[in-house]
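You will see two complexes here that share chain A, one where it goes with chain B and one where it goes with chain C.
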Partner chain A sequence: MKLAIASGKGGTGKSMVAANLAFTLSTTDKVTLVDCDVEEPNLHLFFPAPAMMTEVTVPVPVVDETTCQHCGKCGEFCQYGALTVLSKRVLFFPELCHSCGGCMLVCPNDAIHEEPKRIGTLSISMPQPGLKLISGTLDTGSPHAVPVIRAAKKLAAQDPVVILDTAPGTSCPVVEALDGCDACILVTESTPFGLHDLQLAVDVVARLGIPAGIVINRSDGKDAETLRFCTDHDLEVMMTIPFSCEIAAIQSRGDLLCRERPEWQKDFCALYAKCRALAGVDE
Partner chain B sequence: MKICFTAKGTTLDAQTEERFGRAPYFILVDSENGSFETIQNPFADGGGGVGPKAAQVLIANNVKALVSGQVGGNAQEVLAAAGIAMYTYRAAGSVRDAFDQFTKNTLERSV
Partner chain C sequence: MIRLAVISGKGGTGKTMITAALAQLLPGKLVLADCDVDAANLELLLNPKLLRTEPFMGMKTAVIDPALCTQCGECMEHCRFGAIEHDGELYRVNPLRCEGCAVCVHVCPVATTMQPRQTGEINYSQTDRGHLVHARLVPGAGNSGLLVHAVKKMTMEQDKDCDLFLIDGPPGTGCPLISTISGVDAVLIVTEPSVSGLHDLKRVVAVCRQFRPHIFVAINRFDLEQSLTDTIQTWCREENIPVVGMIPFDPAVIEAVRNGRAVTFTNTSPAAQAIQILAAKLEQELTNLGTQR
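Then we have the complex of A and B:
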């Protein structure tokens, strides 16, 4: 079971839901929590533990100027403007390169080979029995989040229960995290902005063919518009978390609602059961 | 020598374009006789990396100087390596006006 936690709008409580769900499930099962919000990972704040670090690299071209005839074929081929061939030298812009390897293929003189370039890190920790946390972190200044997310997901590929906390929004990093998931929880809040971005997120998961359900967080009871949208789009509201000073205080301390208030664990267990039903996974 | 002006249109009376990589047209003026040719920038609507790609168009056309409003870092690096001088013109006038100022040597050389 691969379950993604996404949202359109940022700050709706994706990480809160992901962390509490993983914590609750880990008391009875083996769970892997993957922080796919690699530009701003935060799940490690809820689960401080010593971590093993590995580097994430992407292949980038290196031109051997002694073999290069400066024919310009690689520069013409590169759709991203990463290679510019001058009469006597080749300029390479690593931040524009998408690591497609095409330049190497089109070079008639075999003057290009690839070398790894670091773009981020993965950290793996076991914060408590039953729980493995994998966090991807994109290096500052590095423009491509997708390869870091892909590497983080690969580490969890064989694990039975995987919960993926995605980045906010609906762009490439979110699509990469959602790809291949069995079900998706969309966390929203009952504000016009929350609803607007929820609509975008619903469109994305529908196009990816991933069954989705809704969690309304910080509900002030005025959820009519969100509920109407969910009814119109045949989306189940699987859980509603109230707007509560106490929950906010627990969260702000870096604590977990389900650890501080264990009575919430049954709600998160029920949420997971609904996600399994969404995914069509039989008990 | 050939001087490239970034422009919103195809003639010397067209308004200059502030951006380099996403300029719709490059107008190449021959400083010896004032004749010109217009190249449509194939990268004006490109997804990314348009600066270096547009710079390659200038190199291929043997341009010696560029007059534009804003040249990005990557494009600057390519143009500088190719020995193309860069001048800043931000008056939003016509290509003709920019060319006049270039010949009077009143434009600031950026690189």
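Then we have the complex of A and C:
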């Protein structure tokens, strides 16, 4: 079972739902929690533990200036403008490179080879029995989140129960995280912003063919429009978490609702059961 | 023209709410851009009148003509993005995975071409406070950084005589954020007193420092966790980053969003009053920047 937590709008409580769900499940099962919000990963803040770090690298071209004839073919081919060929040297802009390998293929003089360039890190920890946490972190200043997400997911590929916390938004980092998931929880809040972005997120999961259910977070009771949208689109509201200063404070401090208030564990167990049903893996 | 981007690192800290209020409060001739192109919300508070829409063409996408495909499989072997799929009979390009590199066209003898694809639209609208450029990315499409660049370009071309170019930015630290802050004079980072807010603030400041904007911070909902607000203030002081705003938690903010307007539309609520102080301080800081230049 691979379950993604997504939202469209930022700050609706994705990480809160992911962390509490993983914490609750890990008391009875083996769970892997993957932080795919690699631009701003936060899950490790809720599960402090010693971690093993590895680097994420991507291959980038290196031009051998002694064999390069400065013919310009690589620069012409590169769709991203990452190579500019001058009369006596080649300028390379690594932040524009997508590591497609095209320049190496088109070079008639075999003057280009690839070397790894670091763009981020993965950290793996076992913060408590039953729980493995994999966090991808994009190096600050690096624009390419997708390869870091891909590397983080790969580490969890063989694990039986995987919960993936995604980035906000609806573009490539979210698509990369959602790809291959069995079900998705969309976390929203009952404001026009929350609803607007929920509509976009529903569109993305539909395009990817992933079954989704809704969690309404910080509800102040004025959920009518969100509920109407969910009914109209045949989306189940699987859980509603009320607004409370106490829950907000627990979250702000980096604590877990289900650890501080264990009575919430049964609600997250019920949420997981609904996700299994959504994914069609219920026995 | 002074270019100011409102960003946050962490999502949901109140960027859009504060941008809309600043649009109302900051003086001078103004133009606005919503660079959170994945999930653009600024229009929900500014009630814009749409003047025109342009298609946004992102990177070209590979297309395989099944009538010409010889099933050699070279495209699939060379694609590093896993964008070529084979269903047992036909090779197909998955446009959600294709990054437009054209390697498949290079290795394919006959059947593959690069085709333009519309991945969004850019809207040019009128609001009470000036023009608004806002975009919509096709959900799931890539190239959000390119679209941000296109939004900024249109704004600079259309409204170059403005005093202030105010940008509502995206969350995160990746491609769209970098595209947003490149070339701006100043950023206002909206944070909140939580361990996540502080962590994300530090990361987004590290990204900003690789460019050259002046950095200002506002702490939203500062009274929800005073000890973390103190920690953020101490950190900002050590880093020489001015904290120009402290906005209290206020249910009037959600009410204003539900009514589709800036919270400063009426000036009675505690949040509105705090944002007025923020706007005054920011105006002073931006004036100083202007005279320095």
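The rule is simple: the second predicted complex is superposed on the first by the 283 of 283 C-alpha atoms of A that agree within 3 Å, B and C clash if a C-alpha of one lies under 4 Å from a C-alpha of the other, contacts with A are read in each partner's own complex, and residues count from 1 in each chain.
As a convention for this text, contacts are C-beta pairs under 8 Å (C-beta built on N, C-alpha and C of every residue); 3 or more make two chains touch, one makes a residue touch a chain.
For clarity, every value in this text was computed on a predicted model and none was experimentally measured.
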item: Combined model on chain A: chain C and chain B, fit or clash; value: fit
item: Partner chain in contact with A:P192 - chain B first, chain C second, else both or neither; value: second
item: Touching partner for A:F229 - first (chain B), second (chain C), both, neither; value: neither
item: Touched partner set for A:A82, first chain B, second chain C, both or neither; value: first
item: Partner chain in contact with A:D203 - chain B first, chain C second, else both or neither; value: second
item: Chain B versus chain C as contact partner of A:G169, first or second or both or neither; value: second
item: Which of chain B and chain C A:L91 touches, first, second, both or neither; value: first
item: Which partner reaches more residues of chain A (counting touched residues only), chain B or chain C; value: C
item: Smallest separation in angstrom, by C-alpha atoms, between chain B and chain C in the superposition; value: 5
item: Intersection of the chain A residues that touch chain B with those that touch chain C; value: 79-80
item: Parts of chain B lying in touch with chain A, wherever the complex brings them together; value: 43, 46-53, 55-56, 59, 74, 77-78, 81-82
item: Chain A residues within the chain B interface of the complex; value: 75, 78-82, 84-86, 89, 91, 93, 96
item: Chain C-touching residues of chain A, taken from the complex the two chains share; value: 8-12, 15, 37-40, 42, 45, 77, 79-80, 95, 98-102, 105-106, 138, 140-145, 167-175, 179, 191-193, 196-197, 200-201, 203-204, 207-208, 220, 222, 245, 248-249, 251-254
item: Chain A contact footprint on chain C (complex, rising order); value: 8-13, 16, 36-39, 41, 44, 59-60, 78, 80-81, 96-97, 99-103, 106-107, 137, 139-145, 170-178, 192-197, 199-200, 203-204, 206-207, 210, 224-225, 228, 251, 254, 257-258, 260
